[in-house]
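One chain, chain A, links the two complexes that follow: it is found with chain B in the first and with chain C in the second.
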Partner chain A sequence: MSKQEKGKGGLRALLLWPHTWMGVTLGGLLVLIFFMGSLSVFAPEIDRWMMPATRLPAPTAPISLDATMRPLLEQLQAPALAQGGRAQGWMVEMPEERVPVAWLRVRTTQGMEQALVTADGRRLPPPQTLGASGFFYPLHYCLLLRPGFVGYWIVALAAVAMLAGLVSGVVVHARLFADFFTFRPRARPQRALLDLHNLLGVLALPFHLMITFTGVVIVLPIVLPSGVSVLYDGNLTRFYNEAVAAYDRPAAGVAAPLLPLDPLVVRAKAMWQEGGGKEARVAQVTVVHPGDAAAYVRVTRFNDDRVTLHNQPIVFDGVTGALLLRGAPGPVVAAQRFMAGLHVVHFDHWTLRWLYFLQGLAGAVLIATGLLYWLEKRRARHGQGLAGWRVVAATTCATTTGLVIATLAMMAANRLIPATLAGRMGEEVGVFFLVWVGTAVHAAVHLRRHPQPPWAGHAWAIAGLAALCVVANWVTTGDTPWRAWALDRHAVLGVDAGLAVTVLLAVAAARRLGAARRRQAAPVTGGQLLKGANNA
Partner chain B sequence: MPEAPFLIAVFALAYAGMALAALGLDRHWRDLVDPRRPASRRQVRCLRAGAIACGLAALAPALACDGMAIGLLLWISALTAGALAVGATLAIHTVMMAKPRA
Partner chain C sequence: MTAGNLHTVARVLAAIAGTYALAWGFSALGAVAGARLGMAPAEATTLFGLLALLAVPAVALWALATRRLGRTWAVLAVGGVAMTLLARGMAP
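And now, the complex of A and B:
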């Protein structure tokens, strides 16, 4: 062995230890982040599925803010004004193809009011669900732990560990090129798991490096706060305002009529188009201090034609119509917004959305196969009597199949608990967490008697729940595939198809697991199971 | 859907490139072409050159379809998808060719 080879072997051994233990400790968390992130790619579609009243055709005609939205905004703030309150701001999130409804938000000194309306100005009942964009998505980026940015910190820590895991994994991989395409599903479980782990880790490496790195970049101001704390006294809002070119001025306290909004929007569109390119669509229109002499109107654009997330805000005086600010990002903000856009794939490209979704799931499977490989190897070396082994086995089971079960249970609860029930939003979340904890307890209890976590049982549960979701959707909304197809409800069709694929894969996995157990042969094909389970 | 031919070209070239790259590896050459003899040096060189050519050629329709930023993203993702598809093809092939278990 040459000196160089010896050196490499040393590095390999050196990096295997952190790779392994980081995976064992943070793997479950990373599976959650990757799985929920993958679902978030299709959050608007899952939202349509979970909020049947919003399954509407995409708006075709341009929407007049003055004719349709302004009366509703005034109606929303009327009760507060009648009580002697003062209007502070309006916000209209414009409908688009994937979210064909508008959100109206009104802030007064008495509090916040919001309403969901159709593009033609019909008010819809509140959806009574957080949906994918209000639950799965925040779970992905902050674990729903917003106070003190605790969740952001934990996710960022896991992401940095993931980067280290990816790089160290490539170094540790002994036969990178010879095994480049190798996957032997019929080999003994340890071999098959390692094959799948290596295959996904190497082949999807560019995507995983990109998605993890850009994920950290999005929350960089939170996790590297020293710049903000030195230059802005730790005031993150002031920093963001300056960075993304926000505008602010206090109310004058003198009443003055607000200009019509539509002409301002037309002017903003013309200004965006000046720089060349397609006609940009409007994403949000905000009015601050409506009815006051110091009112101003902020218009932002939708970025469906480009990668960056920078929405080029344009601010007009709400009384005179004078241009107050035209936001253009500095070089660092532009780079950060571009990377954020790379991460969230909001631009109009269905092929890439699917590739993001599948590669994200591949990331979840990559981490899960790593955990399963560790479990198999440990058992081979130490036997399964160790309490620590059982803890990791139960956690792995709960964070892989258990997570899928909890997600499906929440979706089933969404269809089965009537939306008219006032507390449904909380009940859905409760179902998610109770079921999730339930799967962990079930796995732990199962492991006291059996050598393996309850993979087959969980696979059957996934199949049953996914089938229940599909059927419940048909029964409660009448959107059978034929009807969804006829009405162009592609979001519903897509979610139902995803659920159907989940049923098929979960049944196949469960049957194979059952057969393997009956044969008393090689214990688990956990790789296959996960491949199926993560396709929710 | 005017972009469909471009997308098909991107994925077809990515798959072809990865398939050639796989054939350039001894294990898959023995599995698919000749179990007794490894590929000659010249054959391996040709396969690798073909793999690189196909992989690079996939970039052209991606850029033509989606421009620089999104095109590059599509190209890299398509290469990954192509490689995983080749991996799956090889795995299925090995399972189908294996003798049924007793």
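And now, the complex of A and C:
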């Protein structure tokens, strides 16, 4: 951009360049983050769909840890202890309405063991899938790149660009109020795309600002560890322990019997309820050094009744029952925990969950329409012969429709590959990435011969795969809508309904795209005929 | 590499690395100062991290849109390094 160009339009013109180029370079990544984040809102429901054995009714009776879970925990660590190992810790993730199964984890000097069990203590086979909570969710916040926190850094960079994009977008599109009421879907594509981009940008602006900011807030100590470096010598664990009041002490090396756990849970509940409020439910119970004289028990609460993510840990001595620690963060950390809770929407509010989901998808569409608008404008100015144009066009296609296709392919693979196959977990992930790369290659090849990415073809693929998912679910699990309704399996019903809506939308889009292409193609054919007639 | 390209690279680097340096210096210095003034270290660390994050998008946009890139680089780099050094010196 030359100096003269910048001088003309003031701030608006100055900010157009960063707005455009942040979008073009990081737009695809941001679509991925927004799409996977939106799916993560319903991760427990998608998990039920992908793990049929866990489609269970919500636990109604209180669960006795001592009667149901403790024998299983001891059973899990028995082989390690028989080999001369020592028990280091137990963790029970309690079942709840949306996740009606418990995860038991046992750590010994010999390694980790885990088991999925029902609320009444029946052991379930391992699910052989990462599910939405183990795949879509981590893809959202760290791109599955955990070593060295690389993925966290990349996502945080994209999020900051999103924040800057939102702020600069408000300045660039100065007619905020007018944009709210302007959408001309039948205008030429460039105009309609920009209208939709502006409409979604304005409509969901508060949500997008909130969700992007709070998203970075969650990982802030990881991506900006400046205070940690000067006040904690860079030791992140020590910072977190102090911030959220964790407790630790070494094993004594002397055996001592562990107290029954249920009375400790009752005491923790009473402490949470001090000062009124409804009874809080237990989220996790952790026992560190079970069977040792220095054993301690940590109980955390479930936050379905409030926004904050702070789970008010209470730590008891596992042998004497004495209260060791009651976690209460300072005001700033409490505010940070509140913002984290605002982001992950664990509180029980179905209307808000749907609004999060829809506005998250709106974020993906906002970025995608921005990319498409740029592509159309570039084509108008430079033609599409440029290799750079085709790269951005293929990437845009792969990160929008291609991403949806890959997600649906993974869900279809989940239903079609038998869970009894030992490697299914990895195969599902393999299907996701192979199909995703495949859509990118397909788009790139298609663009060598056609003016547009293969939108219609991708839309048909989405419709076909989503329909396949629904049917495969009915056939492999027997959970037709009637049965799911009769058994109160609302999660299954909801995911199937979402897939059905996807089919309808994709078919409608594919038909419209096909009609538009025929309209565009018609005059060209006429012209060629005329030309042919003249030559003859 | 042409002068225009070089200028763009310098601009993008300023927006990413320069802004990060400034945010790092500010939040480190704030955390140390807060801790010195009696805040709990975890509280001071979190507070100035959050404040830095609030400023980061605006500073990055400034670096991307500024007409005088040299001055911007000077402010970001000198500010970031000076505050970081000061924080290290004041650290308990």
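Keep in mind that, in the parts below, the second predicted complex is superposed on the first by the 510 of 536 C-alpha atoms of A that agree within 3 Å, B and C clash if a C-alpha of one lies under 4 Å from a C-alpha of the other, contacts with A are read in each partner's own complex, and residues count from 1 in each chain.
We take it that contacts are C-beta pairs under 8 Å (C-beta built on N, C-alpha and C of every residue); 3 or more make two chains touch, one makes a residue touch a chain.
Since the structure is predicted, the reported quantities are computational estimates derived from the model, not experimental observations.
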Inset, instruction - Pick one for A:184: touches chain B only (first), chain C only (second), both, or neither. - result: first
Inset, instruction - Based on the superposed arrangement, let me know which partner A:14 touches: chain B (first), chain C (second), both, or neither? - result: second
Inset, instruction - For A:204, decide between first (touching chain B), second (touching chain C), both and neither. - result: first
Inset, instruction - Using the touch definition from the top, say if A:349 reaches chain B (first), chain C (second), both or neither. - result: first
Inset, instruction - Could you look at A:306 and tell me whether it touches chain B, chain C, both or neither (first, second, both, neither)? - result: first
Legend entry - Touched partner set for A:482, first chain B, second chain C, both or neither: neither
Inset, instruction - Check chain A for residues that touch chain B in one structure and chain C in the other, and list them. - result: none
Inset, instruction - Spell out the part of chain C that touches chain A in their complex, as residue ranges. - result: 15-16, 20, 23-25, 27-28, 30-32, 35, 40-50, 52-53, 56-58, 60-61, 64-65, 67, 84, 87-88, 91-92
Inset, instruction - Please give the residue numbers of chain A that touch chain B in the complex, ascending. - result: 177-178, 180-186, 199-200, 203-204, 206-207, 210, 306-307, 338, 342, 347, 349, 351-352, 355-356, 358-359, 362
Legend entry - Touching residues on chain B, where the partner in the complex is chain A: 7, 18, 21-22, 25-28, 66, 69-70, 73-74, 76-81, 83-84, 86-88, 90-91, 94-95, 98
Legend entry - Contacting residues of chain A [partner chain C, same complex]: 3, 6, 11, 14-15, 17-18, 157, 160-161, 163-164, 167-168, 213, 216-217, 220-221, 224, 226-232, 239, 242-243, 330-333, 335-336
